[in-house]
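Residue numbering begins at 1 within each chain, and the chains themselves are lettered A, B and C in the order written.
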Amino acid sequence: MQFGTNTREFFDQTGKISNFAGRFFSSVAKPRFETAEFFNQCFLIGYKSLALIALTAFIMGLVLTMQLRPSLVEYGVQSQLPVMVGIAIVREIGPVITALIFAGKIASSIGAELGSMKVTEQIDAMDVSGTNPYKYLVTTRVIATTLMLPVLTVLGDAVSLFGAYIGVNIRSVTSFQLFFTQVFQSLSYGDLVPAVIKTFFFGFAVGIIGCYKGYFSSKGTRGVGSSANSAVVLSSVLIFVIDLLAVQITDLLGLN
Amino acid sequence: MDTTISAIPRKPKDGQIMIEVKHLYKSFGKIHVLQDFNLTLHRQENLVVLGKSGSGKSVLIKCIIGLLKPDKGSIIVLGESVPDLNEEKLDQVRMKIGFLFQGNALYDSMTVRENLEFPLRRHTVNYSQDQINELVAEALENVGLPHTTEMMPSELSGGMLKRVALARTLILKPEIILYDEPTTGLDPVTAREIDKLIVALQKKYHTASIIITHDMHCVKNTADRVALLLNGRCYTEGTYKELENAEDPKIKQFFE
Amino acid sequence: MANTEINNIKLGILVISGLAVLVFSLFLIGKNQNLFGGSFELKARFTNINGLMEGNNVWYSGIQAGTIKNIKLLNDTVIEVTIRIDKDIKSHIRSNAVASIGTEGLMGNKIINITPAKSNGKIASAGDILPVQKPVNTDDLLQTLSKTNNDIAVISGTLRETVLRISRSPALDLLDDKTIGRSLRSSLDNVNSASANARLMTRTLNELMTQAKKGKGVAGAFLSDTGMAANMKTAITNFKLASQNANRLTVHLDSLALQINYDLHKDQGIYHLLLKDTSMNRNFSLSLDNIRKGTDGFNQNMEALKHSFLFRGYFKKQAKEASKNTIKSGN
């Protein structure tokens, strides 16, 4: 019985989210375009997350390098450290860690913001004021997350590689030029392009889930809190699911 | 209407009908909120819809403004059937309707000025910046808060918020204003101030209003006519005096 | 409103820097993959490309020279590989340069090596088909190694016999030169331990080879590593040298014995002769020296091999088992 209701709920949620996402696609191309609000959201979502993402990316690069070193030393191939770290960061660690941090920061804030707007009837007020709240609130935010996450990921990758460079230099000495050459020598389009493309989907997932959870928040402070919370949880899970799909697709396309 | 007592509807000041609701049905799941509800609003009339909490008063006005779709029945606002309008037409009708939300629904991420400008910029693209400034100043003057333009809603008290919300409702000079429990959550002194403001503004701009409330002081101060909402129907209607003197215990319970 | 403008500028900086990093990386990668370079192309036809893929690097005498653009199966046995060559390399490649398939580093990607031919040909023009060298594949390597391995076994056997013959040679009894005796003994010791090592190595290699044939990675990787193979080769050469020297020594000893016999026959003093014949003496000690050096070298090579990381595990296991055995026998 419990299982039955849970299953129903799961499919019900999936259907509602798909419907919500479908509404995004049907409304995104239609005027009017909330350009000013879109730029405002890009600023809030993109620029304001940069410091956090740069910090985590830097630490990630540094730590990853230091953790990988012993095993490489064991096999006597520590000279390959930049190559391994470079590939790991660009292909997987960079996009996924950035997306998760992004989900933690943005999905929760969108969930809470729209949730409290819903609860205090601000969304209705917008509707009454002649503004399609879906377009004004959801579409702008979803486009902003979809476009900002790739930018943040690319910058995060760069910072992460810099962290890795410092990590290499803690135990040995490598010139920046050699590190740089080694990293880029080992990378191919098949490493960078799919990794960047998947971040668009990560960003979309974070935006749409945050908005959905907020837009249909239940009343009260508790409703808003649980919207923010479930927005983070669900978007983080979705990031991994998309990552799984992405790796299979790139594999099928022979880009690996 | 068979159970209504013999209260004679007061003669309208003006023959023109602003809102006409006929045989309105609305239910949420198994809860039937409105069942065969009928209501008429005339020009320059203050109609109070009186009812207990949860009797469906808010649902009624949300149906009128098109935030909720009725299950059955017709809603004619200014000659247009609201449930059948497309988004564009609905916006045109909504331009002529002001809606004061119970929780004020001020956008808490915007200043008072931006809150007031929002409907201006949304509904019509034609206002110049000077006109907008003028309208904002006038609206705030009307509610007695000319100095709050650059403040955030979180910095204002409950009564001030209500006034700002009222100013935002009035800024487009609507022909009809819908008040959703305008005095709920305010102290008695502030509540009476709001009552006076409602009446004063109605006099100034010659608007017709529907006021949803369960506050009998508010009813007494503002009502030209009272409709009593009971069990999803319009149980009776009449002037405040008429209902106050009614013998029916179902009516009397409101006046004790 | 001014605030919004500043925010938009900040946003613009963010987006532009993100795009700049992206474009820059794409460009750098592109430079590696040679997508933006000239379009000078050469072709080579192989029967087996050992897993070479489009986008793999092409080296000319060890310099990055281009990438694989296209791989096409012409018919059931011929695979045509199109190679895109960098502009600045193009004028150095002659049409008789040899293309072969190799590996980048120890376990790296497949590459095409273009090696200049010894004789001068004309400068290659676009679309030329380069002659190819059959790719070295692991099976062939294993076969070769197995042959050398057998050789080692045979040589060490022969060496052992020779040494025994030396030690049994009656001529030794006649020598009282202490230095010769000492060097002979140490040489024999060396030869002994060398052949013991050789036997051990042969066994190890045999085992590893069966593993490699079963597809267990490390040994296969070891075998395809050219550096390691070179080490093996010197080891074997040293070993051969030692056995040759040993053979030569036997010949000397034999001739010595003959002479002794002859002298005995002629009633001439053997001691006298031996001490007097300095050239013979010198030859003798030189040979002994050579044996020692040769076996020494072999021993060192074997030791080096033992410590090579790929074999470390194996020898550790051996040592452990050996100590276990000693403990058992001790009990």
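Heads up, the rule we're going with is that contacts are C-beta pairs under 8 Å (C-beta built on N, C-alpha and C of every residue); 3 or more make two chains touch, one makes a residue touch a chain.
By chain, UniProt protein names: A = ABC transporter permease; B = ABC transporter ATP-binding protein; C = MlaD family protein.
Since the model is a prediction, treat every value here as computed from it, not as a measurement.
Chain pair with the most C-beta contact pairs: A-C. Nearest to the global CA centroid, when each chain is reduced to the mean of its CA atoms, is chain A. Distance between chain B and chain C, defined via averaged C-alpha coordinates, is recorded as 92 Å. Averaging C-alpha coordinates per chain places the centre of chain A 49 Å away from that of chain C.
Averaging Cα coordinates per chain places chain A and chain B 43 Å apart.
Across the complex, chain B meets chain A through its residues 62, 65, 67, 87, 91, 94-95, 97, 99, 101-109, 118-119, 122-123. Touching chain C in their complex are the following residues of chain A: 36, 39-40, 42-43, 46-47, 50, 75-77, 150-152, 154-155, 157-158, 184-185, 187-193, 196.
The residues of chain A lying in touch with chain B in their complex are 113, 116-117, 120-122, 124-132. Against chain A, the residues of chain C that register as touching in their complex are 4, 7-8, 10-11, 14-15, 17-19, 21-22, 25-26, 28-30, 32-33, 55, 106, 309.
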